[in-house]
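To start, the structure itself, in structure tokens.
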Amino acid sequence: MLLPALELTKVSKDFGRIIALRNIDLTIQSGEFVSILGRNGAGKTTLLNIISGVSKPSSGLVELYGGDPADTENKSKLAVISHEVFLYNNLTATENLEYYASIYGVKDAEQRIKDVLQSVELMHRRFDLVGTFSRGMTQRLTIARALLHEPSLLLLDEPFTGLDQLAIGILISLLRKQKELGRTILLTTHDLHTAKELSQRYLILEKHRILHDGLMADTNPDEIRQKYFSSDRSGE
Amino acid sequence: MRAALSILKKDLRMEFRSKDSILSMWIFSLLIFVIFNFTFEVSRLVMLEIAPGLLWVAFIFSGMFGLNHAFAVEKENGNLRSMALMPVDGGQVYLGKFMSVTLIMLLFESLIFPIFIIFYDLQLSFQMFLLIPVILAGTIGFTSLGTILSAVAVHTRDQQILLSLLLWPLVSPIIIWSVNLTGMVIGGDITQGFYPLLTRVIAFDVIFFAVSFMLFEFILED
Amino acid sequence: MRALTDKILLIVLLFAFMTSIFLIFNWVPPIKASNLSEQVAQKIFYFHVPSAWLGFLAFFIVFVASVAYLWKRKRQYELIAVASAEIGVLFISLVLITGPIWAKPVWGIWWTWDARLTSSLILWLIYIAYLMLRRYLPDGSKRANLSAVVGIIGFIDVPIVYYSIRWWETQHPKAVMASGDGSLAGPMFFTFMFSLATFTLLYVYFLRKRYQLLVLEDTVNKQFKEMEIL
Amino acid sequence: MLLPALELTKVSKDFGRIIALRNIDLTIQSGEFVSILGRNGAGKTTLLNIISGVSKPSSGLVELYGGDPADTENKSKLAVISHEVFLYNNLTATENLEYYASIYGVKDAEQRIKDVLQSVELMHRRFDLVGTFSRGMTQRLTIARALLHEPSLLLLDEPFTGLDQLAIGILISLLRKQKELGRTILLTTHDLHTAKELSQRYLILEKHRILHDGLMADTNPDEIRQKYFSSDRSGE
Amino acid sequence: MRAALSILKKDLRMEFRSKDSILSMWIFSLLIFVIFNFTFEVSRLVMLEIAPGLLWVAFIFSGMFGLNHAFAVEKENGNLRSMALMPVDGGQVYLGKFMSVTLIMLLFESLIFPIFIIFYDLQLSFQMFLLIPVILAGTIGFTSLGTILSAVAVHTRDQQILLSLLLWPLVSPIIIWSVNLTGMVIGGDITQGFYPLLTRVIAFDVIFFAVSFMLFEFILED
């Protein structure tokens, strides 16, 4: 039997007084594309942080490919896009990618860097410092950075932030390609239509729990919005 | 080792983006001495007595710059978190940072030292070469502990103060010994105690380095 | 059961303290010194030295508990380390207070930059920094990891303090206990050992109490959280 | 005759080698709601920075209400939302707002702070440090901060970043209200539908110039996308 | 003035979010002295000769913390830009920052000073009160220039080094005079030259402050 890519058992996380996650049970198979939806502060980012291992759960167990998320081997399979871009402002685009390439031991790095830069359409700016990039250009570069080492598990926290229509299109087709290649993808977004377009399964987090875990095909975005994001539920 | 070298390369690249950095370091070193000299308006005899101490105080203060910097640059854009995500074990990260911090501090010292020689009108004898192992040993002791403690302090609000609080007491034996050793070389009396003391400093370097190398893993993870 | 142990401990402690005070001030013959104040000051020896030793022991426990924490990741080890660090700082503070009180009549000054004195001060500062670090970080695994690392590195300095008496020429007395030349006469030796045992008991009692308190804090916090959920 | 709220004449801006804006002429009347559209790196943020006065044009003239953007009086009429949130992580939500209220001389500050916090639904977290907020909560707070002193000119650079469906709704209705109150609003966004929903006029920046300046009513978003953001134009 | 006070209030709030900050400042001050004492293993006589210099070096180093911090906190989340957007003229911002930096430095000094007294076993005579205007005048000179230069340096990559490069040479006359004045008070020989020198320091303070106050406007705008 195949191991699930990801398994969370009774995972809770709190920051002192504030509770972020409570008793999360979740299994995700290899090759699944799952959208995580939920209000601001629902715990989406915290959940991704726990999966990636940067944040330890207060209690509960996280298993990546049957092992600890902190194992070096697991880490090398992982890529994270968050609202922090993980880039050095004082290095150029190429230098940033060279750094990550050598850290992840990417083979034929030079070619690969060119490829990813081309795919996010940043070739013409590759020798400029990241500090001088516009918000959207930085986001493009962080996408390139994340795909550089061909990860098999992608954790994407609102990756569309700051992207223009064109770049959104690029990212969507890149993600489609990743999906075809059998990669496991977790995506948080507030854009229900894009989520529907891309993923099969979706989770809704609310009040620190998984309120709903269903298949995208069965629903339509407006219904989800109605059900989970309408303002009469806003009082908490 | 590959990962450590990547980190080293990246750090040096950022540090010396332009040659201005080295120039400002040099002027800064000069300034430290000028400052000390005019604040302590004392006789030449007294000056000579406190010279080894002054030299090391200058080293430490310039070293603190490097250490405070080392992980502060990782704070922008969440790179500290990115380090925790990299498939590289803590020891490698430690090694990379340790090398970059040490190289920068040694550079500083090699800028400070000539000024020191000139200001104190020291004779350059063959014995002076003994200062090289002394300074190397003292510096490595300082940076090996400093690197790991800087990574600890960067997680707190008062990063700079906390780094001083953690580092200075721990590193003080090494600094005292280095001052003693420097005094012996400059004073021209390499007594019997010189080599055992130097060996002891080196022994502590090894211990501090090994312990930090092993423990660094735990600092990166949350 | 735990409460009973504590009660017994407390009673034994009270007795032990009264006995050692009796031994120190009434039983053991005064040393031969030039004046009275020096004779009286020497009595501090029975508090000064055990405090120092217990301080070292406390920091050793911090070290052991920190290693255990990084290995097993159990909250209880973290708490033991903190409790022991706090008590260690307390004991070293006692050394730093009793030392100068003794120094004034004997050396004529409160403080000098003697190696042993300086290194004791430095040792104290190391663990103050350890406690400060904990206050700066929010509760959680990060804090536990960072403070365990500092707890381990910090202990490397304890042997330096201990050996500093051999490494530097100092004004501070050489080891009287370890030298084994019988410089400590019979009654003095007995009184010293008794005082040491009393201090050890005190350490154990403090550690237990402080640890229990920390666990209690944890429980209360947890219950608050449960309440918030509902 | 009424002065225009904003007048740019032959404004250019370059950063060394890189050209960000070229010969921009633009007049915006009081009470207008203008969307600024354009690719990543087109110069939208730079344009807003020049209007707000934080960035001086390399050449050309900027006039706010007939004066310099740097005049104290003009500054007090202005509010900016950018992807930098202008909040202190080490202060609580209330403390941040108190600071801005006292800087802007807001009357009846306490009540006003309560009002804006309520409007972005952050009352329950008002005593928490901003550093502990989720991305969306921070963005909500920055909206509250911007509206605090009832500005008459609003410069909004992708203000929807990180907001959930509910908060987007809140912001839209807040902006509608601002529009009704006669405030002048400039908005950059990559979400053409929202732009259409809100604004009357739109600009399209491309290659550092205003490529198009038209009325929203005359077009539909998909047409705009087709025309200006389709990938066959991507080669630059 | 209202705006300046708002900035002051906000800064002090952040600086003293918890009492820990003050405690660590105190330990830091203690450490500075411990460091100086064991690195300069010198006779008590020599110690006394360099004491005024040491005191001011300690003041300066703790002052640098405050100055480096002052605008570094404004860097997070683009607050530096937010300051340029505020309907407040530069002088107000300068005044607010100047006050917070000066208060923090004075706090530091009041923590350092008792340690200084104890370690050097100084007699507390009535004359000692003369140190209050001396320290105040020296400190204000340092911070009035330091505040504006810190705002300049924060825009550069090597912020800390650049601040030292800009500040130290400019402020050195004031520091030298303050060391002299302190030496006179501690040595117990208030010569004829004392009051004119103090007046000169105060005159410089006024000039530095006035010029910085007027020029600050231009630093905020881009």
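Here the chain labels run A, B, C, D and E in written order, and each chain numbers its own residues starting at 1.
One rule holds in what follows: a contact is a pair of C-beta atoms (placed from the backbone, for glycine too) under 8 Å apart; a residue touches a chain by one contact, two chains touch by 3 or more.
Keep in mind that what you see is a predicted model, and the values were worked out from it rather than measured.
J.: In this assembly, which chains make contact with chain D and also with chain E?
T.: Per touch definition, common to chain D and chain E: zero chains.
J.: Farthest from chain E in C-alpha centre terms, which chain would that be?
T.: A
J.: With chain centres defined as mean CA positions, report which chain is farthest from chain C.
T.: D
J.: Can you work out the whole-Å distance between the CA centroids of chain A and chain D?
T.: Here chain A and chain D have centroids separated by 28 Å.
J.: What whole-number Å value describes the gap between the mean CA coordinates of chain A and chain C?
T.: Computed from C-alpha means, the inter-chain centre distance equals 50 Å.
J.: Distance between chain B and chain C based on Cα centroids, please, to the nearest Å.
T.: Centre separation, chain B to chain C: 32 Å.
J.: Could you list the positions in chain D whose residues touch two or more of the other chains?
T.: 90
J.: Two or more other chains in contact with one residue: find those residues in chain E.
T.: 17, 20, 24, 27, 31, 34, 38, 41, 157
J.: For chain C, jot down the residues that touch at least 2 other chains.
T.: 122, 125, 128-129, 132, 136, 140-141
J.: Which pairs of chains touch one another in this structure?
T.: In this structure, the chains touch in these pairs: A-B, A-C, A-D, B-C, B-E, C-E, D-E.
J.: Over in the complex, which chain A residues touch chain B? Could you list them?
T.: Of all residues in chain A, those touching chain B are 52-56, 70, 72-76, 78, 80, 82, 84-91, 95, 99, 102-105.
J.: What residues of chain E sit close enough to touch chain C in their complex?
T.: For this pair, the touching residues of chain E are 18, 20, 23-24, 27, 30-31, 34, 37-38, 41, 118-119.
J.: Within their complex, state which residues of chain E touch chain B.
T.: So the residues of chain E touching chain B come out as 17, 20-21, 24-25, 27-28, 31, 34-36, 38-43, 46, 49-50, 53-54, 56-57, 60-61, 65, 68-69, 157-158, 160-162, 164-165, 168-169, 172, 175-176, 179-180.
J.: What residues on chain D touch chain A, complex-wise?
T.: 15, 18, 38-41, 45, 83, 121, 124-125, 128, 132-137, 139-140, 158, 161-169, 190, 192, 225, 229-231, 234, 236
J.: Can you name the residues of chain B that touch chain C in the complex?
T.: 145, 148-149, 152-153, 155-158, 162, 165-166, 168-170, 172-173, 207-208, 211-212, 215, 218-219, 221-222
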